[in-house]
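Order as written gives the chain letters A, B, C, D and E; numbering starts at 1 within each chain.
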Amino acid sequence: MIVELLIGLCLLGSVVLFVAPSRYAGRLAAGWSLLPLALSLFMYAGFSGQGNAFLGGQLAYETTVQWVSLGPYTLNWHVGLDGISMPLIALSTVLTTAAILSAWTPIEDRENQFYGLVLFLEASLVGVFAALDFFVWFVFWEAVLVPMYFLIAIWGGPRRKYAAIKFFVYTNVASLVMFIGFFALIFGLGDSIGSLDMPAIAQALRAGELGSLAGVGPATLKTLAFAAMFAGFAVKVPVVPVHTWLPDAHVEAPTPVSVLLAGVLLKMGTYALLRFNFTMLADVAQRYAAIIALFAVVSVIYGALLALAQQDLKRIVAYSSVSSMGYVILGLVAYTVYGVGGATFQMLSHGLISGLLFACVGVIYNTTHTRMVDDMSGMAARMPVTTSMFVAGAFAYMGLPLTSGFLGEYFVFLGTFHADFPGAAWFTAIAMFGIVIVAGYLLYAMQRTLFGPFGVATDHGDGGAVRTDGGEDADSGAEHDIKRAAAHDVVPLAMLLALVIVLGVAPEISFGMIRDAVAPLLTGGAG
Amino acid sequence: MVATITAFAFEVAPAIAILPLASFVIALFAGKYLPKRGALAGIAATGGSLLLSLWVALTVAGGATYNEEIYSLVTTPNTFDLHFGLLLDPLSALMLVIVSLVSFLVHLFSLGYMNDEGEAGLPRYYAGLGLFSFSMLAFVFADNLFMSFVFFELVGLCSWLLIGHWYREDAPPSAAKKAFLVTRFGDYFFLVGVVAIFATFGTTVFAGPESFPTLAEEALAGSGGAGGGAGGLSTFGFGPGAWFTILGFLVLGGVIGKSAQFPLHTWLPDAMEGPTPVSALIHAATMVAAGVYLVARMYGFYALSPTTLAVIAFVGGFTALFAASMAVVKRDIKQVLAYSTISQYGYMMLGLGAGGYVAAVFHLMTHAFFKALLFLGAGAVIIAMHHRQDMWEMGGLKERLPIPYYAFLSGSLALAGIFPFAGFWSKDEILFEALVHGIGGSPLLLGGYLMGLTAVVFTGFYTFRMVLLTFHGEPRTHTARNPHDLGWSVKTPLAVLGILAATAGFVNMVPVGTILGLERIELLHGWLDHGISGLTVEHYGELTHDFAGYTTGALAGSEVLTVLLSAGISLALALAGAGLAWMLYSGPNPEAHTERLGDVRTLLMNNYYQDEYQVWIAETFGTGVARLSDRFDQSIVDGAVNGVSEVSLLSGDRIRRIQTGIVSNYATLLTLGLVVLLLTVGLAGGWFL
Amino acid sequence: MAVAVQYYLLLSAAMFCIGLLGILTRRNALFLLMSVELMLNAANINLVAFSLQYGNLTGQVFSLFVTALAAAEVALGIGILLVLYRNFGDVDITKATTLRW
Amino acid sequence: MVAIPYEAIAFGLFALLTVASSLGVVLVEDVWHASLLLGVALLSVAIHYVMLRAEFLAAIQVLVYVGGVLVLITFAVMLVRQVPDEEGSGREVA
Amino acid sequence: MAVGSSVLPTPVLQTAPPVGDWVALAPVLLLGLTALVLFVIDSIDPDDASGGGALAGTAAVGTLLALVAAIALLVAGIGQGQGGALRLYGDQLVVDGMALFFTVIFTSVATLVIVASYDYLRDRVYQAEYYVLMLLATTGMALMASAGSLATVFISLELASLPSYALVAFLKDNRGSVEAGIKYFLIGALSSAIFAYGISLVYGATGQLGLEAIARSLSGGTQLVGILGVGVLMVAGGFAFKTASVPFHFWAPEAYEGAPAPVSAFLSSASKAAGFAVAIRVFAVAFSPQAVVASVDWTLAFWLLAAVTMTLGNFAAATQDKVKRMLAYSSVGHAGYVLIGLAALNSGQNGLVLGASMIHLLVYGFMNTGAFLFIALAEYWEVGRTFEDYNGLGTQAPIACVAMSVFMFSLAGLPIGGGFMSKYFILVGAVGTGHFLLAALLLINSALSLYYYSRVVRSLWFEEPADSLDIEGYPFGLYGAVVGAAVVTFLLLPGIFLVSDAAISAASALFV
C-alpha cells in the first residue's frame, strides 16, 4: 500500500494547495513535498525487489486489486516497483521538491494553483513509473499532460499558448499512435490474455504466444506494433525528427516546470520504450537495432548541433536534452548490461543534471530577465554561487568524470560498443562525438554569459539593447539590481549537484538495483 | 618483481592524491576565512604529498611495487569492471615525486605571485590548484586506462578553471574554453579508445598478466598468420595487428590534445592567459605532461605497433621543429615559453616513438624541472615588471633581480641543451635513440631525428634571445628600471629548481656511461628497469625489437663514435643557435631583427595560421552546420509539424463551409447523402443485379 | 385486388419524389410544409396498399398515426413559420442565415 | 368477354391526377394556387384509399387534411403574404 | 398521450410480467404525469408568483423520481436476466435493461437541464410551456427506448421531436433561436417523412411493424430485397437525423447554437441518446444482423456514417469561433464515435461494442450536458459567445471553470473523466471486432478534438480577461447543475465499473 500512500500524499497535497491561500502556498508546497520525498527515499532504502518487474521478478511494494471487467478483459489496479522504476520514482520526488523551491522566486501569481498542479504532476509521474497494468499506466501517462499543459500555458513565457498547445496535442497524438500499436498486440494475443497486466503481456509476448490479427501474421504484427509504439514514445523522449515540441515547450515554460519537463517527463518516454518496446518486443528491437541506433545517433549529433546554433540559454539546454536522450536510446538498443543499465542510469543522471541546469538558468533569469546569450556577460561577478553551480552542472552535462553525467554516458558507450547489432562500434563512436559538441556549446554559452566584463542588456522593446555596464564594484543602475540569489534558490541547486556527484562517485547506489532489474531482460529474450 | 610484502608506504599512498583534494575542499568552502585564503592548506597538502611520494619512491627503490584495486565504482558480474586502483612502480613513483614537487613549489610561489599582489578570488585559485594536483597525482598512479581517462578529464577541467581564473576579462575565459575544447577533441578519440579497449580486452589494467598490453602481446604472438579474432579477443573485423594500431591511434588522440602536439597544439599558447604559476604547473608537471606520461604508461601496448610508433615519432619531431620556429619571433616572454613547451614535448614524443622510453621519461623529468623554473622565473619577472610581459619593455634586469636571473639562466641553459645542464643529457639521449634506431633499419625515424636536430638550433636561438632581451642590455622602460621587489616565496622555488635544472641530468649520463663503459651511471635506466614485469625497460626493448623491428644501429659500426657524434652535433647546433642570438641581441640596446624575415615573420607571428584554419574549420563544420541544422529544423522539421496542423485547420475550415446556413442546401446534401448511401449499400448487397 | 400493389408503390414513389423535389427547389417555407405533406401521404399510400396486400390492418392503423402526426407537424410548423416571419419579415428560408459555418 | 379493367383505368386516371396536382403543388409560383392544388392532391389520395378498401381512412383523410391542414395552410398564406415575395406572382391577397 | 393505448387490432397474447405494467413503465408514467401536473400548476397560477420556482421544482422532482425509478428498476433486474425483456401491450413496448439504461440517461440529463433552466429562464414568460415541452420530450425519449414496434418508434420519435422544435424556437424574439427552430423543423419534417416512407417500405417488404415480428418475417429471407433495403436505409436516415449524424446533421450546429443553451444541452445529450437507443433496438432486433446483413448491409451504411460523421464533426469543430457552435460540431463528432457500436454489429462481440456505445452515451450525457450548461451560465452572465469572450473567466468563476475544464478534457478523452473510459471502451470494441480503420479514425479525431477542446480551457485560464468582463451573481441552479455534472463525469472515471457491466449485459441481452 505504500505506493498508493505515495500517490495519495501527492494528490492530497495537490488538493490542499488548491484551497490554501496563495501567500503560504510556496512554503506549504515545499514542506508538503518533503513528505513524498522522504517516503520515496524510505522506500528506496528498504527496497527489496529482485529482477525485472515485467519478467517475473520479485516486486517491491506490490498491490493488485480488480477494477473493471470489460468483455474478456479485466482491468486491475496493479502497481509495484523493480530496480528500474524505483530510482525513477525517487528522481521524480527529488526533482519535484527542487522545482517547488526554485519556483518560489519566479512564480508570483496564483501560487496555490501552481503548486497544486505540480503536486498533481508528481502523483501522475509516480503513477506512471509504478503502474503495472496497462490501463492504470495509461491513465497516469495521460494525466501527466494535463497539469503540464496548464503549467506551461498559464505561467509560461510570451508564446506560452502556442507552446502549450503544441506540446499537448503533439504528445497526445503520440500517445494515440502508441496506443494503437499496443492494442494490436493485445488483440493479437487474443484469449490467452485476460487482462491488461503488462508483466503478463510481456511474458506472453516473449513466449511467442502472439497470434495473427486481421490477416496479419505475428511477425509482421510485432514489427508494426513495435513501430507504432516506438513512434509514440519517440515523441516523448524526444527523438529526432519528432522533437520540435520540446524546445518550444522548454523555452516558454517557467523554469521550475522546465526542471520537471526535462528532468522527469522525458524519462517517461525512455522508460516506456524500455518497458514496452525493448522488453515486450525484444526480438524486434534486436532485429532492427541498427535502424534504432541510427535514430539515436542522429538525435545525439543533430540535437547537439542544434544546441550549438541557439542563443537562448534554455533552448540550448533543451536541445541538448534531445542529444542526451539519444544516448539513452542507444544504450537501450545494445542489449548489454552496461547498455540498458547505463541507459537507465543516464535517465537518472540526465534528470538531475538537466534539472540543475534549468534551475540555474532560472535563477539567472529571475534577476536579469533575459536568457539570451548576447544580452548578458560576466554574471559570475554578481552571482558567484549560482555561477559555480551552473559551471558544475555544465561540466557534469559534458560528462566530466566523477559526476553522474560521465558514468551515464560511459556506461552506454561501454555497453553499445560491443553490442551485437551490425555497426555497433561505428554508431557508438559517432555518438561519442556528441561529447565534443556538448562541450562546445556549453562552454561557449558560459564564456559569453558568465564571464568577461559584467553587463546586462535591457529595454528590448525600444529598438537596440542598452547595455548596463557596471564597474568591478560599483552597483549598476537601480532598475538592474543584480542581487545574489536567495538561499531558497540555491538550495535546490546544491541538492541536485550533490546528488550528481554522489551518483558519479558511488554509482552502485542505484546502478546496483538497475543492473539487477536489467539482467533478466538480456537473457531468453527473443520469442 | 611483484612485491610480496606490501609496504606501509603503499597503504597510505592514496593520501598522496587525497591530501590535495582535501585542500581543494578546504579552500573552496573555508578559503575566505583562512589567513592566506587557502594557500597554506595547499602548501601543507602538497608538501605532504611530496613527502609521501618520496617515501613511496624509496619503497619502490627497495624493489617493492604495488598494483591493487582500491575502490570499485561498479562491480558487475560477467562484464567489465570499473574500478580505481593503485599502480606504484618506478615510473609512477618518479612521476609522483616530480608532480608533487612542482605542485608544492607552485603553491609556494603563488604566495608571492597571487597573495602578495592582492588578487581576488584566491580561494577559488587555491581550490583549483588543489584539484589540479589531486587529479594529476591520481592520474599518475592509476592502474587502469579507465581511471586514467577519468583523471585525464579532471585535469582538463582544472586547466579550464585556472586558465580562466581572471574571468572578468575577455581573453582568459576564451582561452580556457579553447584549451578545454581542443583537448576535449583529442579526448574524444581517447574515449573511443578506452571503450574500444574495454570491448576488445575486457579490461584496461596496465600491469599484470591480465593487463591489456599483455593480452595484446599474447594475441599478436599467438595469431601467427591465421588472422581473425586472436586469442578469443574481438577485433571488430580487423586483423589484430591493425586493430591494435587503431586502438593505439585512438588513445593517441587524447595524448596529442593534452600534450599539445601538432595539430592540436593551438590551445597552449592561448593558455598563457592564466596566472603564471598555473602555466608552470600545467606545462611542467601536470596537464601537458599527462599525455606523454600516458604513452609511457602504456608503452607496452604501443611497442606492439610499428605504425603507431612511427607516427608518434614523426608527430613529435615535427612538433618540436614547428613550435620552436614559432617561438623565435614572439615578443611576450610567456609566449616564447609556451612554444618551447610544445617543442619540448615534441621531443618527448619523438623519444617515445623512436623506442627511447627511458630517454623520453628522462626528458619528461628534466623538462619538468627546467620548464617549471623558467615559468616561475618568468613569473618573477612579471611580478617585478608589474605584470608586463613584453620582452621589449624589459632589459637589464640582471642586476636588479640576481637570483631570478641565475636561476633563469640555469633553466635556459638546460632548455637550450647546453652541456652539462639537465636538458642536454635528456635531449641528447632522445636524439641518439632516434638516430640509432633510424640507422638500425627504421629510416623513417631519421626524418624525426633530422627535424629534432634542426629544432635544436631554434631552441638555442629563442632561449637566448629571451634571456638577452629580458635580463641583459639596458632597461628599456621605466618599469624595467624600477622593478618590484620579490619575496622569499618567489625566490625559494627558483633556487630549488635552478639547482635541479643544473643537476638533474646527472642521473642518466648515457654518453658518459657509454664512453666510459659505466653502465651503473645510467641511474634512471636502472630505475626504470626494475619493478613489475612487463613494465620494464628491458621488456619494452624486446617488444620494440620483436614487433616494431627496431634494431640498434651505429655510425661506422662504433657505438662510442655514434654517441659522441650525436652528442657533439646537437651541442654544436645548440651553441650555434645561442651564438646567433648573442650576435643579434646582445649589447645595451638590441634591435628587433624580425623585420628582416619579411613574409616569414608574418607567417611565424601568425603561428602558420594554425588558429585561423582551425577556427575556420570549427566555424564551418561546427557553427555553420549548426546554423544550417537549425534552419532546417525550424523550417522543414518543425514546418512539417505545423504544416499538419495548418492543413487540418484549413480542411476544417473548408469542411465547415459546407454549412452554408441555407436550409435548402442542407436538404439537398441530405438527399444526396442518402442516395450515395443507398447506392453504396445497394451495390454491396447486389440489389441492382 | 385489381390493381397490383407495385403500381401503388410506383405512385407513392412518384409522390415522394415530387415532394422531395419541392423541398429541394422551393424557398418559401410554406411550399416546404406542403411538400412534406405530399411525402407523408406517399408513405400513407404505401401503408394502405400493403395493408390490403397482406390482409392485416397494421398498415392502415399506422397511416392514421402518420396522418395525425402530419397534422400536428403542420400546426407546429406554421407556428414556427409565423415567428420566423415576424423576426425576418419573410418566409423565404434562404434569408434566415444568421447561423452558419 | 374481356373484362374492362375499370379499376385499373380509374387508378390510372386518379394516379395521373395525383401526380399532376402534386407536381403542381411544387411547381406553381403562387402559394395560394399551390395550396389549392395540394387540396386536390390530398383528395385524390383519399380516392385511392377508397379503392384500397380503406374507406374510413379516406374519410379521415378528407377531414384531417382538407379540413384541418389545408385550412391551417390557407391561414398561414393569408398571414404571410402581405408583402410580395419574389416567388409569388405578386397578387395581393387580403 | 400515446402511452396507454394499444394500437393494433390484432389480439396478441400478453406475456405475464412479474410486475404490473405500470411498475415497469413507472419512469415513463412519472414523466408524463409531471407534464400534466405542470399544466395544472400553470393554469392555477399563471403568473407564477415564485418566479418559476414551483414549476422548475416540480419538473425537477418529476424527472428525479423518474430517474430514481429507472435506477431502482435497473437494480432490481426488471426485464433483465433470465426472465428476458418485459413485453407490454402486444409487444408495442419493451422494458428491458437497455430501455432502463437509456431512461437513466434521459432523466439524468433532463434533471440537470431543468435545474439549470430555473436560473436561465428567470424573468421570462411561458415558463410552464417550456417545462411541459421538455418533460413531454423526455417522455417521448423514454418511450423511444422502450419502443417495441415501428409504430411506437415513429410515434415516440415524433413525440420527442415536436416539443424539441418548439423548444429550440423558444426565444421567439431572438432571431437565432427562431432561425434555428425553422431549420431544425424543416430538416426534421423532411427526415420524418423519409422515416415514415422507410417504415412503409419495410412494412411493404415484411407485412409487419412489430420489431420481433419483422425479425421473424425476415428470418426466412425475403424476395423484396430492394424494397426492404431502401426502407431500412430510410429508417436509418430517420435515426441519423435524431442522432445528428452526417448527412442528417445539418440542423444540429444551427439548432444547438441558436437554441437556449439548456435546450441545446438537452437536445445534444438526451435527444441524441434517444436516437441511438431506438436505432440500436430497431437494428439489433428487427433487422438483426444475422438475417439481413447478407443482402442489406446496413452495417456498411453505419460504417460510412460513423467515419464521415466523426471526421466531419471534428474537423468542422476545430475551426469554430463560437464555443457553443464548436460544442455543437463536437457533438456531431461524438455521434460518429457512438455509431461505431452500430457499425461493428456484424461481428461476434455485439454486446461489447454496443455496450461501449451505451456507456459512452451515458458519460456523454453528463459531460456534454455539463458543457452546454456552462454555456448557459455564460449566456446568463452575458459574456458573449466566442472563445475570446471567455478569456479569463477562470479568475472570475474558478469553480465553474474547473468543471468546464473537466468536461472538455473528458470529452477529448483524457483521463480526467469518464469520457476517457468510454472512448476507450469504444476503441476496444472497434479493434476487437476488427474495425481498425474506424479505430484509427477515432484516434485521429480524438487527437484533433484535443486541439479545439483545449482552446476553451486555454481561454478560460490562460488568456487575460477583457476589461469589460464582469460577472454578476452565481446562480445556484446553474452552478449546481454544472458542478453536479462535473462531479459525476469525474467519478465515472474510477467508477465506470458501476455502469459498464449493466450496459454490456443490457446490450448483450438484445442478441440472445
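Methods note: a residue touches a chain if its C-beta (ideal position, glycine included) is under 8 Å from a C-beta of that chain, and two chains touch if they have at least 3 such contacts.
Everything numeric in this text was worked out from a predicted model, so none of it was measured.
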item: Any chain that touches subunit E and subunit B; value: A, C
item: Those chains which touch subunit E and also touch subunit C; value: B
item: Chain separated most widely from subunit B, comparing mean CA positions; value: D
item: Per-chain Cα centre nearest the global Cα centre, belonging to chain; value: A
item: Mean-CA-position distance for subunit B and subunit A (Å); value: 37
item: Where subunit A and subunit E are represented by their mean Cα positions, the distance between them in whole Å; value: 43
item: Inter-chain centre distance, subunit B versus subunit C - centres from mean C-alpha coordinates, in Å; value: 97
item: Geometric centre distance via CA averages, subunit C-subunit A, whole Å; value: 64
item: Subunit A residues counted as touching two or more neighbouring chains; value: 169
item: Overlap residues in subunit E, where contacts from two or more other chains coincide; value: 182-183, 186, 190, 194, 253-254, 451
item: Junction residues of subunit C - those touching two or more other chains; value: 19, 23, 25-27, 33, 44, 49, 81, 93, 96-100
item: Those chain pairs that satisfy the touch definition; value: A-B, A-E, B-C, B-E, C-D, C-E
item: Subunit E residues within the subunit B interface of the complex; value: 182-183, 186-187, 190-191, 194, 225-226, 229-230, 233-234, 236-237, 246-248, 250-251, 253-254, 294-298, 300-301, 304-305, 312, 314-320, 329, 448, 451
item: Subunit B-touching residues of subunit C, taken from the complex the two chains share; value: 20, 23-27, 93-94, 96-101
item: Touching residues on subunit E, where the partner in the complex is subunit C; value: 7-10, 150-151, 154-155, 158, 162, 165-166, 169, 172-176, 178-183, 185-186, 189-190, 192-194, 196-197, 199-201, 203-204, 207-209, 227, 253-254, 257-258, 325
item: Contact footprint of subunit C on subunit D as seen in their complex; value: 5-8, 11, 15, 18-19, 22-23, 25-26, 31, 34-35, 38, 41-42, 45, 48-49, 51-54, 56-57, 60-61, 64-65, 68-69, 72-73, 75-77, 79-80, 83, 85-88
item: Residues of subunit A defined as touching subunit E within the complex; value: 67-71, 73, 135, 138-140, 142-143, 145-146, 149-150, 153-154, 160-161, 164-165, 168-169, 172-173, 176-177, 179-180, 183-184, 187, 214
